[in-house]
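The chains carry the letters A, B, C and D, assigned in the order they are written, with residues numbered from 1 in each.
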Amino acid sequence: MVIETQNEKPKHRIQLSKVGVKNLKTFVVTERSGLRHHIVPKVEITIDLPADLKGIHMSRLVESMTEELSDQFMVHPSIEEIQIKILEGLTQKHPFSRGEIRFDFEFGYSTRTPVSNKRTWEVCDVTSITRKVNDSPFIHEVEIQVIGNTVCPHCMANNEGLTHIQRAIGKLRVIGKTELIPTYGSMIDIIESSFSSKTYSLLKLEDEMHVTKKMHENPLLVEDVCRNILQHAKDAFSERGLDIFAEARSLESIHKHDVIAEGRIVTNGD
Amino acid sequence: MVIETQNEKPKHRIQLSKVGVKNLKTFVVTERSGLRHHIVPKVEITIDLPADLKGIHMSRLVESMTEELSDQFMVHPSIEEIQIKILEGLTQKHPFSRGEIRFDFEFGYSTRTPVSNKRTWEVCDVTSITRKVNDSPFIHEVEIQVIGNTVCPHCMANNEGLTHIQRAIGKLRVIGKTELIPTYGSMIDIIESSFSSKTYSLLKLEDEMHVTKKMHENPLLVEDVCRNILQHAKDAFSERGLDIFAEARSLESIHKHDVIAEGRIVTNGD
Amino acid sequence: MVIETQNEKPKHRIQLSKVGVKNLKTFVVTERSGLRHHIVPKVEITIDLPADLKGIHMSRLVESMTEELSDQFMVHPSIEEIQIKILEGLTQKHPFSRGEIRFDFEFGYSTRTPVSNKRTWEVCDVTSITRKVNDSPFIHEVEIQVIGNTVCPHCMANNEGLTHIQRAIGKLRVIGKTELIPTYGSMIDIIESSFSSKTYSLLKLEDEMHVTKKMHENPLLVEDVCRNILQHAKDAFSERGLDIFAEARSLESIHKHDVIAEGRIVTNGD
Amino acid sequence: MVIETQNEKPKHRIQLSKVGVKNLKTFVVTERSGLRHHIVPKVEITIDLPADLKGIHMSRLVESMTEELSDQFMVHPSIEEIQIKILEGLTQKHPFSRGEIRFDFEFGYSTRTPVSNKRTWEVCDVTSITRKVNDSPFIHEVEIQVIGNTVCPHCMANNEGLTHIQRAIGKLRVIGKTELIPTYGSMIDIIESSFSSKTYSLLKLEDEMHVTKKMHENPLLVEDVCRNILQHAKDAFSERGLDIFAEARSLESIHKHDVIAEGRIVTNGD
């Protein structure tokens, strides 16, 4: 006979907001608009725990995932749909008021070099979260982080056109209901168009000259990059009700430290 | 004549919540109750930026810090007081509505082995943040993270006393006004007393036997560790008005993933 | 007309052993024995540079990779064969005496829980390197890192059976010619069988009891785990001429630090 | 009566090259030429283990360190001397043929901004290793890593002076006998003088203009930076018998990946 330690009364009757598993790695295959993506997410699944129960049944959280992803050849329509299915499966196994599943992973997309027109692969970082609170609809949070660059306009203006240039990182995060969540591709486009220039895995000399010229014509502070991301997201998603966050970080080439800018807007979907 | 690019109008009139420097490393010496601490913090200093200004003057943020810390032999009474002085210096150099300074660093403390009574050094991770919003008093946030362990009570109860044991990480974060912030030492004690056992740099065999016996008498889930931290903090700080967060993470020895528990309480200081 | 800076004489005539690209991310699909694997490697490609040339043509290193991997639907027989093809392609584009390509990636494999017999996915870390030096045959280096655990036999023997248990990491690295390199699966098996117990993503209570009992019957120091990996590799690969390295690391549950053991053997293939 | 598990015969009689503790954190205060440094090293201490012994006595490794560093107010003349004392203490506690102690830490130094002449603090990464093999003299290995930048000369030459600029990391490692090891300060100077420009925590606008102009006059490939480090080290240390390694890495601003160059020279001290 099993002793259900989890159902005992805890020593201290304090409600816990999140209990679950973290840094659990798995495999997922998705296909959207004919493009197949193979991802290796680091998974976090958590639920809340009432004040009068000692613990949760951890293995049921993992099982709700392994049951959904057991077939390695199964192709899923999107990360959001997998996460919804896992949370729906979990409601059959374990009671909770607030459940959340988070995937952190690398996402690849193809592009072409600007002059030589060669095909290359680029990789960005994605965090995708699905939340279920009581009977409210599922809420999703998608954050994408892409590498670009900044060319300092302040130094350029004061220094006869000479300036410093550096690698920069742009982040865009949107929160909203299932049907409002944009594609990763549209979010990547917004971030890449917000830098002095986007970056490429491969640049032949003619591409490098083109990119370098273009970025000198578009000098930007991190403050500008952050506002560009917010404005581009607002323009693209104005008809959806989304909470939108952006961050720009510049790995300064004349300093050992970074500079950052963060902001937030809301599109009301009207 | 200097062109103040920062004072120009930005292309997109969007207010930014945080702009500043990050991953800036420096040195600080503090002394409290006769104990001297030498720390190498990673520093973040940020302020907000109104919608109609293109940028902030980044170098003034760094300068407000270097002026305060320029003398390597100067001994400061606490991290909180250094941070207040840096933010006060910054108000003389740059306008802002919301300013924040954050230090992430390793903090050392000495202990004694439980049986052989040998002196050892232990190290934990500290994040210390000071915030100034308009004319409100300074608000501080201190988070401490200490390594301990968990012994699984569920497995022990079902398995004739045999169970799994693992390294665990406890986190305690408090937010409140300057005069209410507890010492690092008191926060470390709270976390260490919340595990199945605290951990030591050095254990002779007699210590190891003592620790191992004691932890088998105190089997705890991460849920228990998290609630212990919250309850111990509540008991210790009940007379202060603090927001208190706790997290426990267990590097499971029978899994490749971790398990976590998080919670929050408020002491109202009445 | 292009100025070939790379072909100029360098200021200091010093030969460089490795010049190239690092932290370049891409996508690869492999299929071996009917099992398809989708990996997102972090890539390093380097060549040597003679003392009288200023630089290498970096874009040719990337191009030798993008040409081989441009088709996202192409399925490759193994990482080793992709790496050989990329180095062969590179010899057509750029002269070198010593060329090397390295992939670091996560690799997934399926297993079954020991009692409940449920299917789970496990993930380990793989580093795969192919080297070409002058006209010698290709040399490969494969390192695999898997998470398991250790149960301390020294504490157990002195403490009436009570002991400490912790997560551990086992590493196996083999170096040899193309036809001698073992499969990842066989290397994973060797590492997993060298711990007090292997670990699982999912364990139902009956599995957890089984695993916990078994690991108490198999207490091991990191020294034992390291020697087990070396001996198991020697037994399995005795007929191949391989350089074999092993490392075991234990995330001690009663300490904040880790303990490690490293060793090396050579199988002469006779 | 203690059961010395470590002295038992191991199941597999394989000699191990390194067994010990890793990621052990402690505190050290040093003073050299009137400058006091406070460091928080991550420590690794390892010894070899003969084929016929099951294990080492881990706690003796830690104890040899805690005995040397137990007094927090003690000021040591150098990291090298602390490491020698710890290894000498260890020879009294535990037999070994090959012993090694490694410290990884952040090291601070002061500089002045180039035009405004303000005092700033800079931080670099240091790895310091001391080795004892049988009765040979102590051997030291010091590696220092400093952040600077590169300005691409190839793009500049082909693009009417327009080019890309980025943060870069320079590494210098020297190996030799105690009396031959250079100061950290001299190694930092060598690395900083090898970039297009060194970097600063603080730059007022006049400094930024100065630095930016100077770096455009000194465009360098990573290959150039690596050779500069090697040549400068050769010039400075020609009269010492040292093994010298250098690495340069550039966080490319037009790519998501890095480019690297590595090389090695030997000064024979004649």
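Heads up, the rule we're going with is that contacts are C-beta pairs under 8 Å (C-beta built on N, C-alpha and C of every residue); 3 or more make two chains touch, one makes a residue touch a chain.
These numbers come from a predicted model, not from an experiment.
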With centres defined as the mean of Cα atoms, the chain at greatest distance from chain B is chain C
If you tally C-beta contacts across A-D and across A-C, the winner is A-D
Whole-angstrom distance, CA centroid of chain A to CA centroid of chain C, is 28
Chain A and chain D have mean C-alpha positions lying a whole-number Å distance apart equal to 36
Where chain D touches two or more other chains simultaneously, the residues are 2, 24-25, 123, 154, 158, 201, 203, 205, 208, 255-257
Note: in the complex, chain D contacts chain B through residues 2, 24-27, 29, 36, 38-40, 59, 62-63, 66, 69-70, 72-73, 106, 108, 110, 118-121, 123, 201-205, 208
Chain D residues touching chain C in their complex are 2-3, 5-6, 10-12, 14-25, 43-44, 46, 49, 54-56, 58, 153-154, 157-158, 221-224, 226-228, 230-231, 249, 255-265
Chain A contacts chain D in the complex at 122-123, 147, 149, 154-155, 158-159, 162-167, 197, 199-201, 203, 205, 208-209, 211-213, 215-216, 251-257
